[in-house]
Structures are given as C-alpha cells and as structure tokens.
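Please go over the structures that come below.
Two complexes, one shared chain (chain A), two partners (chain B, chain C).
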Partner chain A sequence: MSSAAIETKRKRTAFGLTIPTGLFVGTFCVLPLLVLFSYSFFQVDFVAIIREPTLDNYNRILHSGTYMGLIVKALVYGIGIAFLCCVIAFPLALFIAKRVTVYKSALLTLLLIPLYTGDLIRIFAWRVVLGAEGVLNSLLQWMGIIHEPLWFLLFSPFATVVVLTYNYLPFMVFPLWASIEALDDSYIEAAMDLGSRNLGVFFKVILPLSGPGLVAGFLMVFVLVVGDYLTPQLIGGSSGVTVTSAIHDMFGAAFDWPTGSALAWVLLACMTAFVAIALYTFYRSPWGRGIRGGRR
Partner chain B sequence: MFRRTFLKMMAAGTAGAMIGDIPFEAFAASDKTVNWLTWENLAYDKYIADFIASSGIKIQKGFIGSDDEQFAKIRAGGAKDWDLITPGLDKVELYVASGLLQPLDLAKIPNAEKLYAPFKSTGLGKKDGQTYGIPFYWGINPMVYRADLMDEEPDWSTLFEGTKYKGRLAMRDYALEGIAIAAMYVGIERSRIFKMDDKELAECKKACIAQKKLLRTYWNSIADLTNLFAAGEVVCAFSWVPPYYDLRAKGIDMGMAKPKEGVIGWCDTCAIPAGTTPESTEAAHELINFLLGPDYGKKLAIGGPYAISTSTARDSLTDEEQEKIFIKDMSVMDSFVWKENPADYGKWVRIWNEVKAS
Partner chain C sequence: MTAIQQTPASANLLEARGLVKDYTSFRAVHGVDFSIPHNCFVTILGPSGCGKTTILRMIGGFESVTEGTITLDGSPLMHVMPYDRPINTVFQNYALFPHLRVKDNVAFGLDIKKIGKSEVSRRVAAALESVKMTSMAGRYPAQLSGGQQQRVALARAFVNEPKLLLLDEPLGALDLKMRRHMQVELKDLQRRLAMSFLYVTHDQEEAFALSDIIIVMNGGRIEQIGTPEEIYHSPTNTYVADFIGGANLLPGELISVDSTSAKAVLKTCIGTVETECSKTVSMGQPASLCFRAEYLSSAKPADSESISFNAVVSHVIFQGSTKLVEAEINGQRIIARLDHETEAAVGESIALQVSNAKCRVVHGSPVKPEDAP
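Moving on to the complex of A and B:
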C-alpha cells in the first residue's frame, strides 16, 4: 500500500470515528441552538408565538440597561473569578507538579472531593460557614475580634465571589497542573544557570510554557461562572440576580420564549466575542509562546 | 449549636432541592390509570390509598416544582402524558387559550355542588359557560415572622420602609406576588391590582426597588425560607404558611400576620388536558370527585394543613382544625386578593427583573 493510500485510509478512519460525536453534538447542541436562534426573531402574544420575523427582541435587549447590565455583570464575574482562580491555583499546581512526589495523586484526589458533592450541598455548607450564627462569625466573636456578627459575609457579592471561586478552583488547578507537569525541568535549570531568579524563571519560563493550561482553565472557569445562577441566587442575597436567571424567568414565568431566546443569543455572542479576543490577545502576547510554539 | 444548625440546614435545603419531577406509581389491580401531574404534598399515598383501593384506578404521579414549570411542560407538548393536572386558578386561562384543556363534565363531579361560594361564582377557570379548571384546594400567603425577634406584628410596610429590620427581611422571588404586594402597600385599589396601568406599575416598581435595599435575600423554595427563619438570618418575610407551623412545632416563637390591606389568596384547580382517552377522562373525573370529597378533604386539612374548595369535610373538623385552614370564619375570604393573571405578565416579569438588577 502506498503512503498516499495509507494517508487516505487514515483520514477516512479519523472521519468515521468523529461521525458519532459530530452527530451527537449536531443533534443535541447545535440544532437546539438553531431552534433557539429562530425563536429569537418571533414575538409572543399572550400564549401564542407569532412566527413573523422581526428584530424587535434584539432591539429591546440591546437598548435595555437592565439586560445589558446583567450581561456585563456576568462577564465581569466570569473574568474576575477566573482571574482569582488563576492566582490561587498557580502556586498550588506548581507545588503539586514540581515539589510533591509521593502524595501527588492523593493531593489531586483531595482537590476533587468537593466536586463529588452536589452544588446544593456545597452551597448550604457555605451558609453554615458564613452565616450570622455560622462558623466564621462565631469564631471571630469567640476570639473577641467582633462583637456583632458580620452580616456581609453571607447574602452579598462577597459571598458569591468566595463560593464561586471555591466551586470552580479545581477546573483551574487541573489544566494548570497538567501543563506544569509536562514542563521539562531542564528549562528551569537552564534559566537559573543563566542567572534568572525565582520570579524571573516564573514569568519568563514557567508562565509562558504553561500557557495552554492557563487558557484552558481560564475559559472553563469563565464559562462555568457565567452560566451558574444557583450560587448567586442562594448565596448572593438580594443582589444575586444573574442574566441566566433572567433568561430562566423569560422562558418560565413570562412565557416569553422569543425574548428569552434573544437574550440567550446576545449573551452567547458576547461570550464568544470575549473568548475570541482573550485568546487572540494571549496568543499574541509574550506569554502565548506555549501556544505559538517557537514562533515569535 | 453548629451541628444542630448544620443538620437543620442540610435537611431543609436538600429536601427543597429534591422536590422535583420524580414520577412513581401507586399500583392497583386495574387497567384504568390516571396520570396525575401535581404538587407532591397533595398526592401522598396516605391521602389517596383509600381511593385506589375502592375505585380500582391506578394513579401514576408526576410532581411539579412551580406553576410556571407546569405550564411550560404542558405547552411544550407534554399534555399527552397527563390525564389530570393542577394549574393555579389564575393560570387556567393560559391553558384554555392554548387549547390544552377539555371542559369538565360537572355531572360526574357531584361534590362540585358543595364548592364554597367564592369558588362557585368566580369567573376564573371558566370560559363560555364551561368549567375547565375546577377549584381544588386553596390558602393564603401571609407574612410570617419570628415573634421572639420582633417587637410588634408586622404589616406590608415593614417590608418597604424603616431601617429597624433592614437586612433581616425576605421576599419571594416571584414577579406576580412581589408586585401585587407592592400595589397593596402603595394603596392601589384591590380590584385593580392585576389590571394596573403603566403609571401604577411604575409606582410599584419604585416601592420594590426601595424594598430591595431592606432585604436579606429573595427566597425561592419554602424549605429554604424555613431554614433562613430557623437560622435567624431572616426575621420577617412574605411567606407561605408552612414555616409558621413547622417552626412552632420545633419550639420557635413564630407569628403569622394578615395585613389589613389584604393578603394574597391562591387556589389550585383540577384540569383535564385535551386529548385524553375516554377511559382516562372518566377515571380523572372520578379522582377529581374524590379530591373534592370528605375523606381527602379531612386528610389534607390535618396533614397539609390545607383546605379543599368544598365544604364536604368541614363538619368533620374541630374548631381548631378549621381555624388552621381559615374556614372557621369564612368572612376572612373578604380580605383575600385572589391571584389573577395580568394581561401582559411579560411586562411584570421584566419590571421584576429590573427591580432585582437595580
């Protein structure tokens, strides 16, 4: 068999193997999104969907301070919490990858344990920690640091940030750990031989070469945070409204599927734009060398 | 202390989360089946076992988490899966307008004769002289508060003004009731509440925005609110009745207030989706008659505690039991504001979202 024939066969096999996944994603992800997209141009009259295409829904959303504000809030929370996770996860991943030898898998499993419990269990556990009569307030009162409970610890944006960061930290640690684990120690040694100090090694060698893990973790945390409405709702107090819960209200309470669809698509477009810009910026930056390979 | 709070929170929280769409069957030796979509607390086996045994009808249950969820499910093509559903009285018109229900044959529901007067005369649930949703059980959504942590009985103004309880109040995350209560607070005439114009809605929105600053949180499940009361996070809330009884039973001094401006009254109905088989329709009518009858009525009054819409069980209840479900003095109904569906409910939901995002 000629090499060309082998290559053709290889391509065919690869194509054949992707068909089931493609079909699954097409049927259960792309198709519903397209249906949602078509609905976003319709109107609703009491309980009837009027199938006459119009841009009114998009117009209303794009000119609504409330909905655009909620989208911006979602993106800010997504970016902010992904950044926080980066800051916390990097030393942790670096430590597990480069310093731990014997207990590596035990530590990684430990990181996963919170994910074994359901979202609600974690949320209610945090309420026990942050509540007015909770662990933290009681401890601070017992130590005499405060005399009245700190009410802002729960049902506040602070609580939302703490719990979301906790929830999604493993999604940042794992890709980062995988990237750092794959990093050849000789690069670090070479940098040190050439006179680089710890911070220099980190910013010039480790950070650029763990770029793929960083990007993967950042995007995963970002997407999960933007889509999470349960945590802000149950932990965030009266300021816990999210764009996702607004979409939920549109579909459920208001029976306004067209506006709900349009809002979902505007959110999707904003997220896609952010991800594209973030990826491009990172790719072009000095830290994107890990993705670009050797190219400048 | 922590352990106790923790366990309480876990129990309340997870129970609330688990109430969902978990169908299971109550078997009987028969082919007649009613697929009943309803609230879990209405379909306990202890309530319906006698009916299954005596009628030979098999009941397959499915549970709803909210009225809106039920409508979305039926509207999206789910009607064929169910022979009996439980829409709110205010929501029946949505189903009828969508052609999702069939008219009920009242001749097959003799207990309907004993409906309380307000349910007989209401125009809700009916169209062109035919009944599509027959009132089934009802109650009020009052204010519930921690009597041990508040100096005086609250009224609606407690949720909108003053700073004494700032950050210790809670409101249900539900546009219809949230805005209706604001309407009562700002003094909108009761008959106009669900027909408000833009100016009146704007006034309510302003009140709701002021209210938001006073709230600890908006609540979504009654189990969660019960838990917030128990943990002392919230001292007063627009509530459902259960936290009042549940927490009193646990030794917490709870109060229930029915503000003079009016309280929200609710009523759920029994309705049969269009397109059910003649056998199922027959069986569903039989079940409806049972649900409006003395046996079920008494069990729900004691177990709920909720009142059914007929007087069939009233005489078999003690004064205390009657008082508990608001049927001892029926004039209490005069202060009710029965929920209705606003013509443009989408606008109400948009306003509510604007309030929450303010």
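Moving on to the complex of A and C:
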C-alpha cells in the first residue's frame, strides 16, 4: 500500500469512528434546536401557529425589561455562584491534591456521593435544614442565639445561592483538583526557595498555573447554574423566577412556542458570548500560559 | 585543590553533623558528617537512591531533618523555612515558571525582597548577561532549548546572591555535547561568583570535571570525602574504586598491616604485593588490591618494582589510540588499557605487569558484577 493510500485509510477510519456520535448529536440535539430556531420566527394566534417568518419575537424580547432582566439575573447568578464555588473549592482541591496521599480517591468519591441522590431529594433536604421549623432554626433557637425563626433562611435569594453553590461545588472541585494535581511540586518549592511565603506562592504560582482547571470549572458551574430552574423555584420562593422557568412556562402553560424559543435562543446567544469572551480573555492573559505553553 | 588552600582559616560555610533522615518505611540518610568551605565547589556523587538528593533537600529546607544538625555560618538551619534561608536551588527539571517570561523568572526572588525596580532590572540584566541569555529575556521558558532553560534556572538562583547554591543534577536532561559545554561554564561561573556550590550527580566524570571536593555516597552513608585526585588515585575502599570506574580489584589475604607507614602486604592471585594501603584497612577485615586499567602494560623485561603475571585474553575492545583488553587469571577478571600496537588475541595468553607503586590495598571485597550499580 502506498503511503498516500495508508493516509487516506487512516483519515477514513478516524472519520468513521466519529459517525455514531455525529449522527446521535445531529438527530437528537442539532435538529430539534434548528426546529426550535425556526419556530422563533413564527407567531402564535391563540392555539394556532402562524408560519410567517418575522423578527417580532426577538424585537419584543430585546426591548422587554422583564425578559432582559431575567437573562441578566441568570448570568449574574451564574457568574456569582461560579465565583463562590471557586473560593470554596480551591482550598479543598489544593488540600486533596497536595496534602492527602492515601485517601485521595476515597475523598474524591465522597464528593460525588451527593450527585447520586438526585436533584429533588437534595433540594428537599435543604428545605428541611433551612425551613422555619427546620434544623438550623431549631438549633439556633435551642442555643438561645435567636428567639424567632429566621425567615430569610428559606424561600429567599440567600437560600437559592446556598443550595446552588452546594449543588455545583463538585463540578468546580474536580477540574481544579485535576489541574493542581498536575502542577509539579517543584514549582511550589522553587517559589519558596526564591523567598515566597505561603500567600505569595499561592497567588504568584499556584493560582496562575491552575488557570485551565479554574476556567473549566468556572464555565461548567456557570452553564449549569444558568440552566437550573428547579432549585430557584423550590427554594427561592418569590425570588425563584428565572429565565429558564419563564421558557418552561412559555412552552407549557402559555403555549407560546415562538416566544419561548426566541427567548431560549437569546439566552443561548448571551451564554455563548460570555463563554467565548471569558475563554478568549483567559487565553490571552498571562495565566493562559498554563494552556498555551510557549506558543504565541 | 587551589580553592581549598585559599580557604581562610575561619570556620566552614556549612557544617552537617550526624545528619539522619528517616522516611516512614526506611532510613534514607544514616548519620553523615561533612562540611562545605567558603568559595568551594563540592559534589555529592553516588548512584540513584543513595540519599544525595535527600541531603540537598534537607539543606534547601524541603525535607525535615530527623536527627543531627546543619549549620550555615555557625547558625542552625534545621528550623528555618526555605524562604528564610540564604540558599538557592537549581532544580533537576529547572522548575522555571511557565507563565512568566525569562526576565520575570529571574526577577522572581528579587521582587519579593523589596529592592528598587531599577536595581532589580539592573541585577536581572547582569545575571542574564553572565549566562549569555540577554537576547532571550522576553521569551517564555517553553520557547527555550534545554540548555537555555538550564542557564535561566542558574541565573534565577544566583541572582539572589545566596551564600550557597544547590544544584540537583542540573545537567541530567542535556545531551552529551551540551553537558560538556555547561560543565565548563558552571565551573567558570562558580569561580567568578566566588560562591559555594553544592552539586549532586551520579556521573563521576562530571564530578571530576567540576569539583574541588567530592563526597562519594552509597546507601545513605558517606564512603569517602576528598579532592578528585584523592578519590581517583587513593580510593579508601572497593566501593569507591569500583564506582569511579576503570579499576581492577583483586581479593587478597592480608599478611601484615603497618598503620604508621600506611603500608600493607597482601597475597593475591597475581602475587604477594607490599604497597600503600588506605587507613581503613586492618587485619581480619577483607581487603583488595586496586590498580587502574591504564597502569597495566604488556610485560617488558621484569624489574623488582613491578609485578608480572600471565593472563588469558577473553575480550579485546578497540578504542582508537588504545585497546581495552579483558583477561582472566585464576578466575579473576582483569582489564588493561594497552597501547593499540600491543598484540592480544582472544584465547591466548598475555604477559602483563603493573608497577608496585601504582597498586593500593583498599578495604572491602570486590563488588560483584551483579551488585554493581
């Protein structure tokens, strides 16, 4: 066989291996999304869909304070909770990667266990903890620290932030742990050798060099938080309206598929823009050296 | 040699006394004593796992000291954090920060010390100049070759003007040509900086090329401390002789030892020899006769100052101007580096001789090939 023929065969094999995934994603993800996209240009008249392409839906959403407010709220929650997760996960990831030796995999598995239990169970568990008659209020009252139950603990933005942060923490710990684990100890030793104390070592060496994990975790948590509408709805009380729950309502109760899909696409566009800007900024920053290596 | 003579009468720069390092399952360093004089290139030489890197890391502050003391200029170092020690390290893999440019890597230590910006850039420029890396100041480590990274790592360490520079097999990752070149530069740099270097390597050739003092280690213990000449010509025991390479070691029976004149009489398979012996040789202990391959010559008319013997040639290796002849006598293997014109055919007998004065009685039995590192 000539080398060109081998090369062609190789390419064909590689291509062939991607066919099942390609077909699956194409049929069950891209195609429905495209159908959805086409719907976003239609109008609805009571229960009938008028198939005349128009940009009215987009116009209405972009000029509506409510919808844009919901999208901004979703992005703010996504960024805020991803940031909170960073702050909480970093010490843990650092500890597991650089201090734990024997029980490393056990600890990591332990982190995953809450994920096995399912969304609803975890959310209701938090209601038991945070409710007016809940564990936390009872405990504080019993200790005499408070005399009235704290009402803001449940059905409030506070509760939403606490539960979302808890829910998505593992998605931050894992990529962070992986990138700190891959960070050679000699970098840390070199920084200490050159006179850096603990905080200096962290901010000058560990943080910049775990950039890839930080960004991966941040974006993962961001996307998941933006998409989560169960938690805000069940925990957030009157503050629990989110853009995703609005989309859900539009497809369900309101039977306004065109507006729903237009809203979904505006949200998707905003998220894609944020992720793209975040990735690009990171890649161009000195911290992006962690991924780029020496290439300019 | 010269560096030792220049050393002022004042105390040594670094003193290690009874240094022990225990890990959970084993003892890595078994109570070693050594000192590092001022302005001196000291090398710890030994096979991998002999504890040499552990010692370096204890001096750098990256490993705790189980027992014993390390003092720098008279003050104890054991409970001082690495960032408070006036010591810098060149790491085996260089550990250059990949997210920082060459000049920022070199400035890393100075920036922490709160020195003026202009002073920092002046010293960084001077350091890069002395390792010929000025043109690379704006590059990132990944854009440099191994040899260039090595120079930057050196500059990053010595720019802080430490009292002692630790180097952990820094030439290990370089190819042979680059290694030779860097050896010359390292030695030159140490002289110019007038700083003490503590260098760790498993490469005896490198140790000879660089060092004022060599510390030969094995299994967590020091076998010998001496100048390269002493280590080469007067090994104290069979381990050192064998590790340095090219030495013939023949087991023998001690007839007598005179410790005042440091002479011993040893009966071996090539005859009974009276010659110089190392201090550790004593009656009742195993002893061997040591002589280097190049001290052997094909027998000319025998004289009373030499030992002559016949051996059967088992291998001949052509090496250009010389040939390496491996021969056997009474089951003992002898290697001789002979002139290339010497006639030696495999399976035939060859007459060899070695001058009495070139032989040395050392402590220990010959290291068996399967035990050799």
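The rule is short, and it goes like this: the second predicted complex is superposed on the first by the 282 of 296 C-alpha atoms of A that agree within 3 Å, B and C clash if a C-alpha of one lies under 4 Å from a C-alpha of the other, contacts with A are read in each partner's own complex, and residues count from 1 in each chain.
Keep in mind that, in the parts below, contacts are C-beta pairs under 8 Å (C-beta built on N, C-alpha and C of every residue); 3 or more make two chains touch, one makes a residue touch a chain.
Model, not experiment: these values are computed from the prediction.
Once the complexes are laid over each other on chain A, chain B and chain C both fit without any clash. By the touch criterion defined above, A:F124 lies against chain B but remains apart from chain C after alignment on the C-alpha atoms of chain A.
By the document's definition of touching, of the two partners only chain C reaches A:Y187; chain B does not.
By the touch criterion defined above, A:F28 lies against neither chain B nor chain C after alignment on the C-alpha atoms of chain A. Shared-chain residue A:D249: touches chain B; no touch with chain C. Shared-chain residue A:S238: touches chain B; no touch with chain C.
In the superposed model, A:Y103 lies in contact with neither chain B nor chain C. Once the two complexes are overlaid on the shared chain, A:G69 sits against chain B while remaining clear of chain C. More residues of chain A are touched by B (comparison of chain B with chain C). After the two structures are overlaid on chain A, the closest C-alpha atoms of chain B and chain C sit 45 Å apart. Overlap of the chain B and chain C contact sets on chain A: empty, with no shared residue. Against chain A, the residues of chain B that register as touching in their complex are 1-2, 5-6, 9-10, 13-14, 17, 66, 68-69, 71-72, 75, 94, 97-98, 167, 173-176, 212-213, 215-218, 220, 224, 231-233, 343, 345-346, 348-350, 352-354, 356-357. Across the interface of their complex, chain A is touched by residues 60-62, 81-83, 87-89, 91-93, 95, 97-100, 108-109, 112-113, 139-144, 156-157, 160 of chain C. Of all residues in chain A, only 184, 186-187, 189-197, 200, 204-205, 208-209, 211, 286-287, 289-290, 293-295 touch chain C in the complex they form.
Taken in their complex, chain A has these residues touching chain B: 44, 46-48, 66-67, 69-70, 73, 118, 120-121, 123-125, 127-128, 131-135, 138, 151, 154-155, 233-234, 236-238, 240-241, 246, 249-256, 259.
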